[in-house]
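First chain A sits with chain B, and in the next complex the same chain sits with chain C.
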Partner chain A sequence: MKKTNGKKLNKRNVKENISSKNGLSKRFESTYRVLSAIMIVLLLGMLVVMILGMPPIGYAQNPDNNEVAARYIESGLKETGAVNIVSGMILDYRAFDTFGESCVLFVATICVTIMLRMDGGANSSKAGEDENPEAVTALKKKEDEDTDYEDGITAIKTRTGRGVSRSRRVEHLKSHTFENVDSSFFEPEHDTILQKCAKFIIPIILVFGVYIVLNGHLSPGGGFSGGAVIGAGFILYLSAFGFEDTERFMNAKVIKWVTFGALLVYCLAKSYSFFTGANHLESGIPLGTPGAILSSGLILILNICVGMVVACTMYSFYALVRRGRI
Partner chain B sequence: MLELIHDNINDLVSVLLFVIGFADLLFQKNMIKKIIGLNIMDTAVYLLLASQGYIAGRTAPIVVDGITSTEAYINPIPSGLVLTGIVVSVSVTALMLSMTIRMYKKYHSLDLDYCLLKSREE
Partner chain C sequence: MEFIKNFPFFSIMLGMFSAIVSSVLGAKAAKYVARTALFIIMVLSGVLLWYTYAQGGGSYVFIMGHFPAPWGNEIRGGSLEALFAVFVSFIAFFCVIGGSKAVESDIEEKKQSLFYILVMLMTSSLIAMCYTNDLFTGYVFIEINTIAGCGLIMIRQTGKSIVTAVRYMVISLMGSGLFLIGVTMLYTITGHLLMSPIQETVRELAATGDYSTQLTIIIGLMTVGLAIKSGLFPFHMWIPDAYGQSNVVSSCLLSSVVSKGYIFLLIKIYFRTLGFDIVKDSGVLEVVFIFGIAGIIIGSLMALREKSLRRMIAYSSIAQIGYVYMGIGLGSLAGVAAAIFHILAHGVTKSLLFLSSAEFTDGSHARRIESLKGEASQHKASALSYAIGAFSITGFPLLAGFVSKLLLGGAAIGLRTRQWFALIALAISTILNAFYFLRTVVFMFIAPSEEHDAEIDIEKGPEKFVSIINVRNPLYDLALLALIAVNFILGLFSGPIIDVINEGLGLFS
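Entry: the complex of A and B
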């Protein structure tokens, strides 16, 4: 690989290579494929041999059904008050594990924001104008900073707002190649079918998500799955009604404070036990009758916190990928 | 032999899925397809973990009628572990997709080899 693609080659040679097949020589290609196939077969053989030595699935005598699982099942209801044993396990016995998961989601949001943020401090006011229909009278052209590679293609990124008429868009579309057109060209605007369906279905989705979150200790579900459903509802709302409407209740500030607040509540609710010897996780809240919605102490609160974090994370992933900022 | 395969059918399917995902990682050049391969590998791990906790004839670990005997429910621990795995997989997928977007913006291609070649030229 080094030999064929090293710096010794001049640009013409490299170009020929690129045009021949994906930039790599054929010899390397075939060697790579053969080696990959051998590796895959070896991996498959190794794993199958391992699997056939494992205990068969479905028997109670298997070594993984040990005293830990028995303890969770036998005294989980009594100690945590949660009918759903898995929920009681992950939000009471192993609450720190779940706190770590929420933090992983939070850190992933931050990383994606760092990777995809389009507007620096200087450009943010420009981007704000774009959302305003009256402000967009002419097409704004902005040079993409990353595209000065050797072909000399200087892709011109063109931003258009909602105020630009359809004929103007079509005209613009014809005069530019696919690469140079901003992705906002292909977004539906005021799609009637989508909006009518969304009006009907979004309340159902949101109510169902809230139900899953609030019933996390009673039935299958909990903060993660319910939060994902709520986030999907927000994403559908964004697809149907656009950023202008969605920003009334989901903007960067709201997402920041909701995520921060939820993580802070979770942290305060569970980390005090470090100061009391890290031995017990008593909450002091009465456990209530098993099966009632207001039962199982802290688990309901923690489920709501996790649900808020997950919903905000899902929405911000989508918004970041779509337009470069939340 | 056939009986052995029948006993471990879940494990075998998960191994097959894992290998399919790994082959996807190795053979595809498109970054999106590589990410899909990694997600298939994740799914294989979930299947392996979740099937380890299964015990034939028992129900999901949600207490019914106050019965808290070990004989009634399956093992709840693998379910919790799978949840952790799903969360991490979502985060990793989002991060990889955002990196792919950056790569596409710089090199105007999703082909990893092409982009590596371009970056070596610079």
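Entry: the complex of A and C
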């Protein structure tokens, strides 16, 4: 941040040809560096002092070994029906936090989509024809603003996110949109070794991911970790077989509706549970026999929802970074 | 339990629900969903305020789930929380309806629905942050707020706004990180995450004197973390770009409610989690006071030398955040009450200023203040609204800014050394405020002289404002009117609102 300030000053100085100010900004920058180093050392020292005085790890008398943890361990199984206490904690005792966390994922997806989805790219010619001209002029105006070379380069870098050569980047910058780039530019190389291996590995990965999600309430795992595994499987499939094959089952529409459905079910199910809990009503959700796959009330459903959201998020991040649309 | 007590929970869930539904809708439908949801949230919060204050409902704890205090999540309803929720949803609703044309012209059509999703997620996370009775829930919603803030800045998709969003994210995440370290450490020494049990344990710790160093550092970390996120003086560098480069609705929301949400959470942590006496003894408030005053002076000076209109309004936010922290730093109940009143007054005024300036500048072009000459003759309504906002922020009687400055000054009197610093800072900044805000108002209302225009053309040719997007529609006027009306209400009938704040603060501890 200070650096950009310095740059601005430098630019102005070049224009006005004042050399004394340049020296001043340089001196300021070096003092700034020294000061920031001192600040960091101070903060570090403070945190070390704090940690040295903290209760030691794993002692029975520690403050965090209190009635809260005791109840989670002792009656967690009885109250939530989940053999995996961690699942019981995050999806039942403290489900509101976890609902917040899945909304963090949701908002992160939205932001990455804003950043990387190129509506002005391959689809722009279509959009320009049948939609209102105001939007198009606004779009053009925005592109004009991007004329600053460096800004453009950063935008291109962030949008493509892959190591295109410098000359190629400049080419994109000149064309401003990706209309001139044929879709093969974003396609992965069809590598035979990768494809053969992927054929063996992908089914195992996907089944393992589904297992982690479905057994979240019984064994370590759950929606977040299982969803990540499933998402990784999809990404491997995409890298091996390309967009055309992947789009048969994973495309923008599927991802949109799956994410929507999963979040909606999560939101409604948890709202019902919160509402009945706070108003001291019977929720009527059976807990089942502990240890069975169909048990522990809402936890299984919530794990499936979280797993779907995470898998779609992982895949769409990769696709967006790779080619600017899902 | 009465049905009304469910309203905080309904408001949070409604916000999230409408955001989720908007993800499959087009731009137009998402807009109407957002408007409806914000309006309902506003009404619900208003009813809750009426129930907790006028009906004597007091404060209550609402269990999120089937498990009570130290085990499950909780939220807490009370008059102060309800007031803040009304404030957030009011500003969000009127900014969204008033800025709808600015949104349409600034944002690609296919991404407009994403914008409304971000607004809804941001509003409901702010409301959750204000109602929460659980530190970790607070952290989770801080995270949502931070990421949504980044999205709101970069949704214009210009090179500069993306750079600004990255900078905002880095600085803001540093704040979240420090806050999270504070929460973890507090959990390690108390063994709780919910506010009320933590407060009991902290009281015991303070009585026995255990972990006193740790407690001080924790208070410091949480304060610094949230101060970075709300833009207190040494951490203010992201403000001018973030408010100046983004879409006008985003600037309104970021400056008026997002940064204020963090301050409200800080006040809640001070009163509900740590206990205000313990915070006072730790000496952190003195530091907050000093930086608040430094922020007031330096923010005003920077605004004074700023040439572009939007960035000038943004710089004035640094000074106004300084006022709020100065009020907290006074270390008295009256000071905190004045700070909360200033949060409301500044939120209403700043969104009025940003919204009315939308007609003179769209944020992408650096609109020089000198080139504002004669704007009032073309844009009567927004120039008049801008003038009222400027008067209010300067502290003109009858308006909100006057009452908040009066309260801050009144709270300072009687506190030996601090009163002089506070009063002198108030006086200096009022003069500076008057100077730089009224300068723009005067420029707007004087007639443009032909020669001067030509001069500007030659000198600052490329910088001169070229295109003006027509942001006006009946809803824009309605939003300006509502903001002006609330400004006058806060200025003329501040009594009941101060009562609500005092009563709410009393119930906090």
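The rule we apply is simple: the second predicted complex is superposed on the first by the 216 of 326 C-alpha atoms of A that agree within 3 Å, B and C clash if a C-alpha of one lies under 4 Å from a C-alpha of the other, contacts with A are read in each partner's own complex, and residues count from 1 in each chain.
To be clear about the criterion, a residue touches a chain if its C-beta (ideal position, glycine included) is under 8 Å from a C-beta of that chain, and two chains touch if they have at least 3 such contacts.
Everything numeric here is computed off the predicted structure, so don't read it as measured data.
Peer 1: Quick one: classify A:220 as touching chain B (first), chain C (second), both or neither.
Peer 2: first
Peer 1: Between chain B and chain C, whom does A:111 touch in the aligned arrangement: first, second, both, or neither?
Peer 2: After superposition on chain A, A:111 lies in contact with both partners, chain B and chain C.
Peer 1: Touch check for A:96: first (chain B), second (chain C), both, or neither?
Peer 2: second
Peer 1: After lining up the shared chain so the two structures overlap, which partner does A:263 touch, if you call chain B first and chain C second: first, second, both or neither?
Peer 2: Only chain C is touched by A:263; chain B is not.
Peer 1: One more residue to check, A:65. First (chain B), second (chain C), both or neither?
Peer 2: Both chain B and chain C are touched by A:65.
Peer 1: Could you say whether A:296 touches chain B, chain C, both of them, or neither, answering first, second, both or neither?
Peer 2: Once the two structures are laid over each other on A, A:296 reaches no partner at all.
Peer 1: Quick check on the superposed pair: does A:33 touch chain B, chain C, both, or neither? Answer first, second, both or neither.
Peer 2: first
Peer 1: I'd like to know which partner A:246 touches here: chain B for first, chain C for second, both or neither.
Peer 2: In the superposition, A:246 touches no partner, neither chain B nor chain C.
Peer 1: Once the structures are superposed on A, label A:84 by its partner contacts, choosing first (chain B), second (chain C), both or neither.
Peer 2: Once the two structures are laid over each other on A, A:84 reaches chain B alone.
Peer 1: Which chain A residues contact chain B in one complex and chain C in the other?
Peer 2: Overlap of chain B and chain C footprints on chain A: residues 47, 54, 62, 64-65, 68-69, 72, 94, 97, 101, 104, 107-108, 111, 115, 146, 150, 155.
Peer 1: Where on chain A is chain B touching in the complex?
Peer 2: Spelled out, the residues of chain A in touch with chain B are 5, 7, 11, 14, 17-18, 22-24, 33, 36, 39-40, 43-44, 47-48, 51-52, 54, 56-60, 62, 64-65, 68-70, 72-78, 83-86, 89-90, 94, 97, 101, 104-105, 107-108, 111-112, 115-116, 144, 146-147, 149-150, 153, 155, 179, 218-220, 224, 290, 317, 320-321.
Peer 1: Where on chain A does chain C make contact in their complex?
Peer 2: 1, 46-47, 49-50, 53-55, 62-69, 71-72, 79, 92-97, 99-101, 103-104, 106-108, 110-111, 113-115, 117, 119-120, 127, 131-132, 134-135, 138-139, 141-142, 145-146, 148, 150-152, 154-155, 158, 256-257, 259-260, 263-264, 267-268, 271, 273-280, 283
Peer 1: Please name which positions on chain C make contact with chain A in the complex.
Peer 2: These residues of chain C touch chain A: 1, 6, 9, 13, 16-17, 19-21, 23-24, 62-67, 70-73, 104-106, 108-111, 114, 117-118, 121, 125, 128, 134, 136-137, 140-141, 143-144, 147-148, 150-151, 154-160, 162-163, 167, 171, 181, 185, 187-192, 201, 211, 213-214, 217-218, 237-238, 364, 467.
Peer 1: Which part of chain B faces chain A closely enough to touch in the complex?
Peer 2: 4, 7-12, 15-16, 18-19, 22-23, 26-27, 29, 51-56, 58, 60-63, 66, 68-73, 75-80, 83-84, 86-88, 90-92, 94-95, 97-99, 101-102, 105-108, 111, 113-114, 116-118, 120-121
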